[in-house]
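Note that chain A is present in both complexes that follow, paired respectively with chain B and with chain C.
The block that comes next holds the complex of A and B.
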């Protein structure tokens, strides 16, 4: 029987592991907080998996299990730069462009999928404008925004933009996790280590104006 | 067989070997037994701050093992309390909160000096939509965050009700046990016997009889 492995299950597993069974009222780490630890660990594992593949195959490769495709919000025209701007579902993780964002394209029911967006590093934009370029949509990423421009400067108004990228955040606790099973172990271990660290910090809630810990006298 | 307050009275008289007229009145029983009942209840709940605040030993709270929980089961109550203006009043017999939930979700406890950080929290801000709730205690009530939460489900340990050996007078003005108006203990028979034996300590003081006190004390220490 295959059970869809959701992040909620992973969080509960971590809580039960930490609490030796069902957590009680004294267990202070909330679901949201543990999720932040999980997402943090997942981002590290995406990077680790990409670089591990590079060791084996000689090229960076993000395992397909990490990839998720999103339809972006309708792009908004930027008067100053003549670019069309939309927001990504998360700031891409620190892999080179082409890996932090795997692919992007325009699609609709009538015409299907377009050619892929051609990604250019932000710092190359000025230089590339002086070079001949093939037809298509060029894109660059800045923080959590994507900025697009057609080679012939045509309008992108109303187009459906799709982006495929490794996704390390949580938008739904209950859907199957977008990651290969073999990295669950590393995420689990990393989160448990961080939670142990968090929970073993000495606490003192006795309001006696004395420092925490045992008295020396 | 569940022991009635009359059984307790008879057993106490047997232990003291006194007859009703000369020795232990229903009032004596009321004072001695209910006092010991409260002490025994406290023993089960845990003696708070049993050690001095020198931070060298743990403070002893309620030990939630099956034996203790079963003995306290007659006093363990689940109740739903509406929240009014952010406050949920305690039940009148409330002495210890075992668990607190809102909409079936965990409610985090906070100390008064943590309130500011909870209210500016961005990971788990007080929220009904996110099922993120917090509580702290004030005078006979809980303050709940967010203050517009509807109601709390509270598991709590109630204080034991004072037992009462009620009576009517017969033609010779003798006290006749009246079960209808008496208040019966909620404890199991075994616990009633133990509490009754513990009352001997109080009767020892009452009668200035060391043997009673020693018996009561030995019972408190050994449990039999």
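The block that comes next holds the complex of A and C.
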């Protein structure tokens, strides 16, 4: 069993790399700040990995390691549209639906997992009413909300909604990170590059045993 | 989902097969189901529909409304005493004028030509073989069909229009009926590959030619259209006749 690799470990590694050792209080990039850089780089890497796959296999695919399943808050009824609204743990990254949200379903102890939620792009909702419809729960995503409606307008009150999606934010710094190890390198490089900009540290001069400043000879 | 191979399978399952084949995401499900629905309509109409037969009473105005749920008709006839359906002649001359009117008969009774040619339907059975009280083949005259009446179909008003002196109380209506929908449709398993090919074609992942060849292959293996030795034997025996051979 490998040691779980948490976001805190990655942040510490980056801090040590930047400070050339354990950073002291003068080191201005805080853990939270670096965490934000990591989150930002991770989102880019999810997209990169999906499109990489498309180039190799011809199929858009988000690697499973990025996926996390969340139970959403109990859905709230929207009187105006007859939809049930719940909030996603984060705004989905900009992949097409089906990849930005991998799947969704209802589950409970006595019935197990339901059929998957049938995802529809928001722009299709209008004319979709004129087309034949199969039984099931239809869902659309808008910003960080998910809006669900059963084909027979059944109440979704109290149902447990689960959503599986690639997750690029941090919920807990000490949880194992949801990413395949091979993208750690890219994230590390990206964050270090951004931090170099941010801290304006001319690292090559620090590390090559030469005195700081311009060479006079 | 069962792994048994049955004669029919749900449309959803076929959609899942298609999604698996092209490794698509869950979001394509709805779109693929609609494509599968279109494929089903196409295949049903062209080859796969199983006609159902209902017996319908003839209305007093000698018309018969289509039974509910019927998409189209395939055969209209009367039942004979051998348990066979004896089809009616399709008479394009019959007018569909006022065919939904309960007083249709009195309306068309007011005809412009009152002294028509003698009506020969009194002896319908030997129509083309009758001469001078004996029944014999007439040289140069086609055999004709033995008909128990004639009808025409008003597709728009969904009624079968019978001739004014149609003699029977009921007709048999054989037609293609809308598939029963219970959350999903159940489809003959022979349609699995054509529907998958249709979805791939419409999703730009396959070609129309693939769909057509899958359809042809499926049609040849449809339960009622499959050739068996028994059928070939029957065709040969029935086409055997005393005749000139080249």
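Quick notes on this structure:
Everything below uses one rule, namely that the second predicted complex is superposed on the first by the 199 of 217 C-alpha atoms of A that agree within 3 Å, B and C clash if a C-alpha of one lies under 4 Å from a C-alpha of the other, contacts with A are read in each partner's own complex, and residues count from 1 in each chain.
Assume contacts are C-beta pairs under 8 Å (C-beta built on N, C-alpha and C of every residue); 3 or more make two chains touch, one makes a residue touch a chain.
None of these values were measured; they are calculated from a predicted model.
In the superposed model, A:25 lies in contact with chain B only, and not with chain C.
In the superposition on chain A, no contact is made by A:52 with either chain B or chain C.
In the superposition on chain A, A:36 makes contact with chain B only, not with chain C. Of the two partner chains, neither chain B nor chain C is touched by A:185. Of the two partner chains placed around the shared chain by superposition, neither chain B nor chain C is touched by A:108. Residue by residue along chain A, chain B and chain C are tallied for touches, and C comes out ahead.
Of the two partner chains, chain C is the only one touched by A:96; chain B is not. By the touch criterion stated above, A:175 is placed in contact with neither chain B nor chain C.
Chain contact summary for the complex, chain A toward chain C: residues 57, 59-61, 96-99, 101-103, 116, 118-121, 128, 131-132, 134-135, 138. The part of chain C that touches chain A in the complex is made up of residues 11-12, 22-30, 33-34, 37, 183-184.
On the side of chain A, the complex with chain B involves touching residues 25, 28, 30, 32-33, 36, 204-208, 210, 213-215.
Across the complex, chain B meets chain A through its residues 53-56, 99-100, 106, 108-109, 111, 113, 123-124, 130, 132.
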